[in-house]
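The structure is given below, and queries will be raised subsequently.
For clarity, chains are labelled A, B, C and D in written order, and residue numbers in each chain start from 1.
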Amino acid sequence: MSTQYPALLVTIPLLSGFVISAAGWLNRRLCFYIAVIALAGSAFSCFGVLLQVLQEGHVTYHLGGWDPPWGIEYYVDYLNGLVLVVVSTVALVNLIATKRSVEEEFQEKIGPFYTLYAFMVTGLLGIVVTGDAFNLYVLLEITALSGYGLLGMGKNDRATLSTLNYLYMGTIGACFYLLGIGYLYIVTGSLNMRDIAQILPSLYGSKAVLAAFIICLVGVWAKMAFFPFHGWLPNAYTHASSAASSLIAPLVTKVMIYVMIRLMLTIFTPAFTFSVAQLSKPVVWLAVAAIVMGGIFALAQRDLKKMLTYIIVAEVGYMVGGAWLGNRAGMTGAILHILNDALMTLCVFLVAGNIVYKVKGCAFDDLKGLMRKMPFTMGAFVVGALSIIGVPPTCGFFSKWYLISGAIQAGQYAFVVALLFSSLVNVVLFFRVIEIGYYEPAGSHHGHEHHPEPMDEAPLTMLVPLFIVAAGLILVGLYTGDIVNRIIELAIPNGIV
Amino acid sequence: MEDIVQTVVAKYNYWIYITLMMMGLYAMIAKNNLIKKIVGMNIFQTAIILFYVSIGVKKGATIPIIKALHGHHEAINPAEYMNPLPHVLMLTAIVVGVATLGVALAFAIRVYNRYNTLEEDEILSQIRTKTEEI
Amino acid sequence: METITSIRPLLAVLVSLSVTPILVSSRAPNVREAWTFVAATVKFLIVLSMLPAILHGNEIVYTLVEFLPGAAIKFRVDALGMLFALVSSSLWIITSAYSIGYMRGLKEHSQTRYFCFFAFCLSATVGVAFSGNLLTLYLFYEMLSLATYPLVTHHQDEQARRSGHKYLLYIVGTSIGFVLPAMLISYNLAGTLEFSKHGFLAGTASKPLLGLLLFMFIFGFAKAAIMPLHGWLPAAMVAPTPVSALLHAVAVVKVGVFSIVRILTGVFGVQLLSSLDFGTVICYVAAFTIIVGSLIALSQDNLKRLLAFSTIAQLSYIVLGVALLSPKGMTGGIVHIAMHAFGKITLFFCAGAIFVATGKKNISEMLGIGRRMPVTMAAFFIGALSITGVPPCGGFISKWYLVLGTLQAHQVVFLVVLLVSSLLNACYFMPIVYKAFFCPPKEAMFQNTVQEAPLFCVVPLAITALISIILFFYPQPFLRLAIMMVQSITGT
Amino acid sequence: MKAIGFVIVLLTGGFLIYAAADFPGWGDPNSPASLHVSPYYLENTVEQTHVPNAVTSVVADYRGYDTMFETTVIFTAGVVCFFLLRTLLRKEPEDRLYRHVLTGVTIRVKEGKLPPSEEFERIDTTWTPHDLIIKTICRLLVPFVQIFALYVICFGHYSPGGGFQGGVILGASIIVYAISTDLRSELQRIREKTDALLSAFGVFLYAGTGALCLLLGFNFLDYHALAPILFVNRVMARSHGIFIVEVGVGIAVMGTMIWIYSVLASRGHYDEGL
C-alpha cells in the first residue's frame, strides 16, 4: 500500500470532496468530519512520501500504468516532498482552527464550503506532486476555481468585485502558462517535465524556448501576485471570509513559487535559467520593487488583514528575489522561506480570524486593549510578528539569514538593502499593532488599581491549533539546520554553484 | 524577400491566434463593462485553443480514428492520421473555459444584485462614496 | 586550560524563564515574590558553582542546536562572561527585594506582568553573558530588547508610549539595520561566528571593509548608548525605578557594552585592531561621549535623567578602556563593568527611595532631605564617591587601572579626558549631597523627623553601598577575572 | 486605461510574433510535435485498448488522469455557482402572477399563494405569451436529442464523440425544455437535490473506478485491474474501463450543465427563471 502514497495523497481529498458535497445535501454536520478524516489521510501519505524520498532520493508513480512520456507521471523529489508536507499540514491545521467561524458565517452552505476546501487542497497537492506540465495546468485551474468560490463568498459585499478582478488576472496567468506549455510542446513534442528537460539542451539557441520560458514565468508571476501583477491580492484576501483567507493566503502564493522554482530547476535546467536567459538582474530588481512597495503600502493601511496582505506581497518578493540570485545560498533561502512563510502567514491570519470571530472586525480601532481581553491570541500574534520581523529563535530569521548571505555572495546589494528595509518596516508595522493592543482603550484613564475588563478569549478549538502553529514557528527555527542539510541541500541540483 | 513572404504564408495559423489573443487581452484590460471583459476573456481562451489545435494538423492526414480495414497486423502509418494529443488537451481547455465563464457570470450577477450596474467605474464610485460614509 | 562541557550555563539561562509560568499562576502576591526570590538565588548559585572552574582557567562549553558549521546556539563561559553574569545575577536578588518595596509602596498595577518580564530580561542578560558565538549573542540581545519594552512602558500612558517608540526605534532599529548585515557579512568572510582568542576576522577582508564592519558593530549595539545613539536612555527613565536601576544601569546598558567588548576582543582581536589602528578611533568616539555626557548631566534637574547621562558617560569609560588595547587599560575597562554596576545601582535605588518616600523627582526640590532620609542620602554619597572614583569606594580601582592603561598606551589625551570627566562627576554629584545635608535650616524643605522609605527599599540600597565599599578593599573575584581575561587575550 | 491596454497588447503581440519565428510551418508532418509522442498513441491504440478512436483512448486512458480532473473542474464550477448565488433562505417572493386558463385574465397575489388548482396556472413575472409552435416542437424534439446524446456517449470508441460531448447534448435537451416551458416545470422533472447528487455521482463514478483499480493492486486508473471483475482479457478491460469512465463523465457534465443553468437563470431563487 505504501507505494501508492503519491496517488493517495491527491485522490483521498478529491473523493472526499464528492462525498462532502453529497453529505451537504443529506446531513450537514458530517461535512466537517469527512473533511478532517480526508485531510488527515492525505497528510499521513504526504509524510509517507517524504520518508520514502529521504530513503530512495526520488519516487515516481505512473498513472494508469503507462510509462512517462506517454502517460502522466508523478515525480516526487526532495523539493516537492517538503512542500507537500507543508501544504497538507497547513490545510489540516487551518481546517480544525476555523471550524467555529465557518459554522457561524456559512450556516446552511457548509457543504459547498467544505467541498471547495477539499478541492482547493486537492489542486494544491496535485500541483506540487505532478511531474506532467499539462496536468499542472489542469490542477492550477481547480485551485483557481475553488479559490474564486472560497474568496467570493466574503461577508461584506466588496468581496465579489475584488474576486472578479482576481478571476481576470488568474485566468490571464493560467492561459499564459498554458501558452508557454504549448510553445514547449511545439518545440519538444512532449509534456513530461523530465522528458522536456532532456530534449531542451539541444534547442537552447532557439527563440521559441526563451519565449516559452518568459511566458510561463509571466503566467506564474501573475498567479503569485509578483510585483507588476499584484493589484488583485490585497483586496481579494482582505474582503474574504476569515476561514477562506487563512487557507488561501499561506498556501497559494507559496505553491506558485514552488512552480516557478520547478520551472527554473527541473524543466529549464539551471544552465539555461541563469546563463542563457539573462534574467537574473532585472528579476531581482523587480523583487526589490515588490519588497519596498509591499512595505510602504502596508504602512498606509488602517486594517490588520489588509496590512498582512501587503506583507504577503513583500514576502513573495523575498522568495522570487532569493530564487533568482543564482547561487546556492539564495535558492536555499527561497525554498526555506516557502516553509517558513507558510507557517508565519498561517499563524498571523489565524490570529486575525480569531479577532474577527470575537470582535467582528479587525480594523486598528477594533484592536484596542486586546492584550488584556485576548491575551493568548495576541501572544501568538507576537510570536508570528517576531518571526516575520526575523528575530532569531523563530524561523523567519534563518530564511532571512540565507537570503541575505546569498545576496551578499551574488553581489546584489540592492536586495540586501531591500531585505533590511523590509525588516525595519515590519518592526514598525507589528509594534504599532501590538502597541494599540497593549494600551488600554483610550477611555479608561491610568488609575492605579482599576478593574481590568473580563478576559473573553476565542474558544479552545481555535486556540489550540494557533498554539501548535506558534510553537511550530520556533521549532522549525531551531531545526533549520536539519531541514537544510538533509532536505533542501539535496533539492537544489548541482548545476548551481 | 521571397522567402520572408514564404515563411509568413507557411505560418499563417500563428498570426491568426496571436491577433485573436491580443483582441481578447485588450478587451479584458481596456473595456469598462464587466460582461465585455468576460467576453474578452473567452476570446483569449479560445485563441489558445485554436493555437493548440493548429499544431496537431498534418498535411494529407485524416482524423485520428484508425480505420477497421487495416486488419490486425499491418503497421499503422502515423503520417496518415492527425496528431490526437492537442485535441485531447484542448478538450480540457474548452471545459475550463466553460467553467470559468460560468463562474464569471455568477460573479457578474452577484455584482449586479448588489450595485445594480455593470460599469466598473460606477461600481468603484459607489464603493468610494460608501467608504466615506462609514 | 581545558574545556568542560556541562549544561549549567543553559540551566542558568533557563531558570528564570521557567519561573514565569509559576509567577503567572500564583495568585497571592507574596507567593509570587517568594518565587522570584527563589529563582534569583538559584540562578546566582548556579553561576557561583561555575566560578571555581573558571578561576582555574578553564572554560565551560555547551552546544544546544547546530544550524550551520560556524553558527549555532552555543554557550561558552569564560572570565568576561562569568564576571558579567556574576554581577547581574547577584544584583537581581537585591533588585527583586527592592522592587517589592517599590511596587507595593506605589501600589503599581499589573505587577505579575512586571515580575515575569523582569525574569525574562535576566535570562536574556545571562544568555548574552554566556554566549559562545555572535549568533547566540544576537539572539539574546534581541530577546532582551523585546522583553524590556513592556517594562519601559509600564505606566501605559502617553509619555510611556512616546518613550517606547524612541526605545524601539533606537534599539531594535539599529540591531536589525546594522548588526544583522554586519554579522552576515562577517559570516560570509570568515565562515564562522565563534568568538576566538584572537578574533576570526584577522586577514579576511580589506581595511575599508573591516572599518565598515567595525562601524556597523559599534553603532549597531545601540544599548551601549554611545553618542549619537544615546537618546533612548534618558527617555527610558519613564520606567519604574527598579527597572531603570537594574536594567538601565546594570543589565541592558552593560549588555550593549559587553557585546562591544566581545566584538573588539572575540571578533576582531587585539592584534588586528592595533595593526589597523582602529583602537584610537574608537577611543576618540568614547572620549567624546564621556565629555558630552558629563556636561549634559551637569545641566539636568531631574535626578533620574542626571543619573542616565552619568551612565552614558561611565559606559564609554569601559569602551575607552578596552579600545586602548593596552593590558592595564583593558583590565580597567572590564573591572569598571562591575564597579560601575554596584555604584550606579545604589544611586538609582536612592532616587527610587526618595520618590517612594517624598514623591520628589527633581534635585531642586531635595534641599535638606538629608535630615529626613539620612541612610538613603549616606548611601547616595557612597555611590557618588564610587562613581567619581574616590579611594574608599570600588570605583577608584577601575579608574586607577584606566589611568595606568592610558599611560601604558602612551595616549596622554585620554589621560586628560579621564581626569576632566572625574572632575565633572564630582561637579554634578557633590552639590546634591552638600545641599541634602548642609543646607541652611530656613531653606530646608523637610522637617527634622526621620521618615525613611519602606524597609524593603532602604535595606537593598544600604547593602549595595556596603558592597561598593568592600569592593575597594577586596575586589578579588572581579579583578582576578578581568586580569585572567586580559591575559588570555593579549597572551601576556 | 485604454492606452495602457493598447501598449500591453502591442508589446505582448510583438513578443509572441518574434517568438513564433522558430515554429514549424502549418501542417508540416515531421514537426517535433507529431514525431515524438503522438505516433505511439496512433500505433498502439487499437492493439492496447481496442478503441480505434485515438482521441477517446488518449482522453480516457493514456491521459485519463487529466480528464478526471477535468470533470472535477466542471463539478467545481457547478458548486461555486451554487455557493455564490443560491439563496436558500425561504423568503417569500413579493408577489406572484396567476393566469386564468380559460379567460386568459392574469391576477397578481401579494405575499400569498393560491392553492394549486386546474383553472389557475402560475406564470413568471417576465412572462411572454406562450407560443404553441415552440412548445410543441420542443416537446417533439427533446426525446430525439436525448437518444442522439446517448449514441454520442456510447459510440465514442468508434466515431468522434465521448462523455463531454454527449453530456452537454443531454444537458442541452433539458435546458431546451426549460426555456420552452418555464423553469419551474423543468424543476419538477429534475429536483435541485437530484441534480446536484447526479453530477457528484458522475465524477465519483470516474474517480471511483480509478480508486477501484488502486484497491485491486494496480496503479490508479490502470484498467488492467478490472479484467478479473469484468471477466474479459486485459485489452477489452481497458476498452470497458474507458466506456464506464465516459458514462461517468456524461452524467457529471449533464448534471452540472443543468445545475449551472438553473442557478444562473433564476439568479439563485429557483422559482422564476429565463
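The criterion applied here is as follows: a contact is a pair of C-beta atoms (placed from the backbone, for glycine too) under 8 Å apart; a residue touches a chain by one contact, two chains touch by 3 or more.
Note that this is a predicted model, so its numbers are computed, not measured.
Engineer: What's the chain with its C-alpha centre farthest out from chain A?
Structural biologist: C
Engineer: If you tally contacting C-beta pairs, which pair wins, B-D or A-B?
Structural biologist: If we tally the C-beta pairs in contact for B-D and A-B, the bigger total goes to B-D.
Engineer: What whole-Å value do you get for the distance between chain B and chain D if each is reduced to the mean of its CA atoms?
Structural biologist: 18
Engineer: Using CA atom averages as chain centres, what separation in Å is found between chain C and chain D?
Structural biologist: 76
Engineer: Need the CA-centroid distance for the pair chain A / chain B, whole Å please.
Structural biologist: The computed centroid separation for chain A versus chain B comes out at 29 Å.
Engineer: From the mean C-alpha coordinate of chain A to that of chain C, what's the distance rounded to whole Å?
Structural biologist: 44
Engineer: Quick check on chain A: which residues sit in contact with 2+ other chains?
Structural biologist: Within chain A, the residues that touch at least two other chains are 134, 138, 141, 145, 148-149, 152, 160, 185-186, 191.
Engineer: What parts of chain B, by residue number, touch at least two of the other chains?
Structural biologist: 21, 25, 55, 85-86, 89, 92, 96, 99-100, 103, 107, 110
Engineer: Taking touching chains as linked, do they make an open path (line), a single closed cycle (ring), a hub with spokes (star), an all-linked set (complete), or other?
Structural biologist: Contact pattern: none of line, ring, star or complete.
Engineer: Spell out the part of chain C that touches chain A in their complex, as residue ranges.
Structural biologist: 65-68, 71-73, 106-110, 135, 138-139, 142-143, 146, 149-150, 153, 155-157, 161, 164, 168, 172-173, 176-177, 180-181, 184-185, 187-188
Engineer: Which of the residues in chain A come into contact with chain C in the complex?
Structural biologist: Interface residues on the chain A side: 386, 389-393, 398, 400-401, 404-405, 408-409, 416, 420, 423-424, 427, 431, 435, 438-440, 446-450, 452, 478-481, 484.
Engineer: Going by the contact rule at the top, pick out the chain D residues touching chain A in the complex.
Structural biologist: So the residues of chain D in touch with chain A come to 15-16, 18-24, 31-38, 40-41, 61-66, 68-70, 72-73, 75-77, 79-80, 82-84, 86, 88-89, 193, 196-197, 200-201, 203-204, 207-208, 210-211, 214, 218-224.
Engineer: Note which residues of chain D are touching chain B in the complex, please.
Structural biologist: 1-2, 4-6, 8-9, 12-13, 16-17, 20-21, 23, 25-29, 31, 33-34, 37-39, 41-43, 45-47, 52-55, 58-59, 63, 66-67, 70, 73-74, 76-78, 80-81, 84-85, 158-160, 164, 260, 263-264, 267-268
Engineer: Going by the contact rule set out above, which residues of chain A touch chain B in the complex?
Structural biologist: Per the stated touch rule, the residues are 134, 137-138, 141, 145, 148-149, 152, 157-158, 160-161, 163-164, 167-168, 171-172, 174-175, 178-179, 182, 185-186, 191.
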